[in-house]
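Just so it is clear, A, B, C and D label the chains in written order, and each chain counts residues from 1 on its own.
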Amino acid sequence: MKYNNLGKAGIKVSEISLGSWLTFGNQLDTEGVKQTMRTAYEHGINFFDNAEAYANGLSESLMGMAIKEYRREDLVISTKIFWGGKGPNDLGVSRKHLLEGIWNSLKRLQLDYVDLIFCHRPDPTTPIEETVFAMDYIIRNGLALYWGTSEWSAKQLEEAYTIADKRNLIPPSMEQPQYNMFVREKVEKEFLPLYQKYGLGLTTFSPLASGLLTGKYNEGIPENSRLAKFKGLKDDLEKDGLLSSKNIEKVKRLSKIANDLGATMAQLAIAWILKNPHVSTVIIGASRPEQVIENVKATEVKDKLTEDVMLEIENILDNKPL
Amino acid sequence: MKYNNLGKAGIKVSEISLGSWLTFGNQLDTEGVKQTMRTAYEHGINFFDNAEAYANGLSESLMGMAIKEYRREDLVISTKIFWGGKGPNDLGVSRKHLLEGIWNSLKRLQLDYVDLIFCHRPDPTTPIEETVFAMDYIIRNGLALYWGTSEWSAKQLEEAYTIADKRNLIPPSMEQPQYNMFVREKVEKEFLPLYQKYGLGLTTFSPLASGLLTGKYNEGIPENSRLAKFKGLKDDLEKDGLLSSKNIEKVKRLSKIANDLGATMAQLAIAWILKNPHVSTVIIGASRPEQVIENVKATEVKDKLTEDVMLEIENILDNKPL
Amino acid sequence: MKYNNLGKAGIKVSEISLGSWLTFGNQLDTEGVKQTMRTAYEHGINFFDNAEAYANGLSESLMGMAIKEYRREDLVISTKIFWGGKGPNDLGVSRKHLLEGIWNSLKRLQLDYVDLIFCHRPDPTTPIEETVFAMDYIIRNGLALYWGTSEWSAKQLEEAYTIADKRNLIPPSMEQPQYNMFVREKVEKEFLPLYQKYGLGLTTFSPLASGLLTGKYNEGIPENSRLAKFKGLKDDLEKDGLLSSKNIEKVKRLSKIANDLGATMAQLAIAWILKNPHVSTVIIGASRPEQVIENVKATEVKDKLTEDVMLEIENILDNKPL
Amino acid sequence: MKYNNLGKAGIKVSEISLGSWLTFGNQLDTEGVKQTMRTAYEHGINFFDNAEAYANGLSESLMGMAIKEYRREDLVISTKIFWGGKGPNDLGVSRKHLLEGIWNSLKRLQLDYVDLIFCHRPDPTTPIEETVFAMDYIIRNGLALYWGTSEWSAKQLEEAYTIADKRNLIPPSMEQPQYNMFVREKVEKEFLPLYQKYGLGLTTFSPLASGLLTGKYNEGIPENSRLAKFKGLKDDLEKDGLLSSKNIEKVKRLSKIANDLGATMAQLAIAWILKNPHVSTVIIGASRPEQVIENVKATEVKDKLTEDVMLEIENILDNKPL
């Protein structure tokens, strides 16, 4: 396993990391979480991603129990604050919710600090200045070590950097966008000016486009798949036009390449992301230890992705942002 | 109930909120406070206003007991510091009194932090810079989330904003002025430049002009009314010339409009304030659960205040600041 | 008793205050300290001055015991850091000694914070920038509310203000110089530009020039006087040329004025200082309750110091700094 | 013993100090550490140098036990953070490792704060801005009093100073370079512009070039010498070309000078460093109390190093950086 800086930040994250979204507290109980994390850790994963919203906090509670077995310094633990409940102040990244949110997350995680804290979404009802001040507060009070955003626009990030620079506050270190073979605009185009200028790091999610890039929907959606279970996921995919026959056709063609390389389609899809030097880590959403093991092997597949193979993939995808 | 941002700040307050001034610890005992707050909460009120000066701290102690039944994140609790006792350093917003004041308020409220802390008045004996530094300290130490002022002038607020900007300190978020049909100068004229420029929010008090706008003094001051009980209130009203026969005449004419809309005079008076987009929340001073319920219904009356009705009211009031 | 701002700072100090130098732990034991402070407090004194160096910390321990009887908010307690022991790092106002010094002082005083902390002297071995950063740290950590200096030059203070302004640090609020009828240069000339420009406040010590201005040395030094007991005091007076026959002659002439006003010489000397608007408080060093009472009456004598009387005094003193 | 400022910083360190590298936890057990430190302390040494890396933390644990016998204010204790373990985030001076490192070091040392914290090496994988922000955090949270670097280049230090100045952060106070008769470039040339401009202090290590300057390798490497025990040391010396016959020849000639002055070769080597006004303290690595005593006497030898003797030494060394 390779460990990358988070953008220019000094902290190191494994190039493949384990997310808890949809799995911890949904598909996985206490024992399942422990086993999946243990497998991930033993295969070199050090970054475990979480959020207050995942399973309404249960995901953090389960991770909190599981990480007691580890040396704190060996782990990079994150949370994301935005959806903390149903009250008027449980939503967004106001100073009130950021602070109340992180205080509650740390209790569930049974930690003194997380390594990474994210604004889980942009919040049009809170000035970015308030958020940057609050994040600086959170770090200076030792509740988190680095802060970042998720699904923010380049413009919003620019504003955050400008304010941090003007006010001598700690700037963001990372963004968590969706990124995979079918969703490329933000990472490959919109964010381009930010990598060099600010050293922005990326912790990307949904590497398999909710399973689409495993090839398992090539012949329709199986009954016990995650897509069948979480209606919202499917709605999202359809809304974004990802579940098109054109895309499924592409997956079929990509599967052949994977096969030629002795890899699964999922491994190829992850390895393809690993080739992007702006990606610090790819968050996988494995629900079983075996899945972790399979996904981690993508790091080996990466070495097989020569320039020629990458070109062949590009030709199939035919969606490079201009 | 609608929840508004506090000016541009990310925190959300119910458009009607419950104050404890003159009621908690005076007209209301422990049980009365609990019932009134419960009724308010159940009707959507999330902001409960307080001050160290109210009933000499007893108002905070009573609220402190009452809020134990709630989830902290669901509440927006304020206090105001200025009158903390009889000693030379118990008055004003020096660093000494602001810190000693908030430490004591938090003990009475049994809280780790309030959401909002106000300078209860301008303090000509303390440089505004000292106050802004101290408020920044209070927020950075987690004793409060947002700070503001009460009954400050636009000029004083401008100075506070300028210092905060220069020193990279956290700026004020809100002002608490008196505002009602008969007291309009500050909110509608003096503060106008501040709303856009700094995103100043307003938590207005005395919506009924100490009862005058309920119509209950139309035929003289009843014996057990708040005005009869608190001599200072009546003195204030008289000093400001509010208890004039001209004003009582206006109330009589406004009462007819209220009646036509199927509303009480108090509801009309509150609804009229709610129409002002610069007002984040109207603090009511209910002393009984039924009063809370009556006042909250002003949110419905607001929808009936068409442009025509507003014009009719303006014609009666005939006091629009130019 | 009048309460003055400390320069422009918002904190209020009684115009006469009680010092512990040479008395607490030397002339006064636990009971004596308690009685003297009680008398002072009952006559309106709220500021009690101390230093880590006084009686090697015993003065702070005694005051710490005595102030348990009071409401903390009613007191203004100071300490001064500079001479903390015999080790290489016990001297001066380095960050190391300032922090270790205040931590130890607070333990002896049994307090969470002092109101005022002074650099007891300038420290040529420590950059003023380090001292200003450390003082800002001390205030932002809640260990003290205001900071100042003692016996610094105007140039050193200017540098401190400049650094605080540049770095957005909390500036000094007060200086503690010697000031009396015979020592006038610093307060009346050197510091003049600082009062207006920075709002510097003064807590002056040695109002009676170590007893010289009581008139009790008019006929030589009595055996049980403080001057006889503390050899250093006498050396200082002689070094500064204060114990001259010329000065004693002046005291004799001033005593007549005092007598004409129905005041003691000491009261006249203190009242004369109170007339200076730049002096926030005059620290007296009473060793008996009766002395406190006598000194406090200087506030009444002050009202008798008409322009004519002041001119008469000036003519006798004949030492106005130009 | 003379006590020097650490560059311009106000803290005072004995001109000779005791390091724990290679000795504490290796050659010295609990009792040995206590005795060596006691001897050092009794001979005027107040600065005891340590690092998380020394004996994998055992050196800190041993020092932590030994210093319980002393008054905290009498000691200057350091640690250095860089090598904290084997995990991806245990290396370097990222915010994560600096904070986790100092938290762990303080536990082992059983202290609330160290006096000095060093970045044990430059870390090309962490932006210097992140390190400066983290060091400022560490000092403002009371975990250390001063921060510095070890084996950084002048260019890296310049960048740290520039960032601290721009962001109003606490700048570094000291560097810990290797410095002795055979390793002079950094201290005598590269750092020259920094002493005046920033007041950089030096705590130099390896005064005897790993024993070479004791003369004990003049006839080959004895079996139980430190060089024989720690292979890395010998490798380093050889890599740097220090163990050359030319150098051994120089040591032989220098030994004669030492002899003429009634000093040992080691004393001469240390005294020669003490003559450099930019050196705040020379860290010795004594493994026995007698060695401490011998080394400390270098302070007396220093007085014998007249201009003539220094010239004679320079002629022998013939390695002055130009």
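Keep in mind that, in the parts below, contacts are C-beta pairs under 8 Å (C-beta built on N, C-alpha and C of every residue); 3 or more make two chains touch, one makes a residue touch a chain.
Since we're looking at a predicted model, the values are computed, not measured.
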Please state whether the interface between chain A and chain B is built from the same residues or different ones, using more than half shared residue numbers as the mark of same.
different
How big is the rotation relating chain B to chain C when the fit is done on Cα atoms? Please round to the nearest 5 degrees.
90
What is the distance, in whole Å, between the centres of chain A and chain B, each centre taken as the mean of its C-alpha atoms?
44
Just give me the whole-number Å value for how far the CA centre of chain B lies from that of chain D.
62
Per-residue multi-chain contacts in chain B, two or more chains:
140, 168
Complete list of chain pairs which touch one another
A-B, A-D, B-C, C-D
Flag every residue of chain B that touches chain C in the complex, lowest number first.
84-85, 87-90, 92-97, 99-100, 104, 123, 125-127, 130-131, 133, 137, 140-141, 167-169
For the complex, give me every residue of chain B touching chain A.
3, 5, 8-14, 46, 71-74, 76, 115, 139-140, 142, 145-146, 168, 170, 199
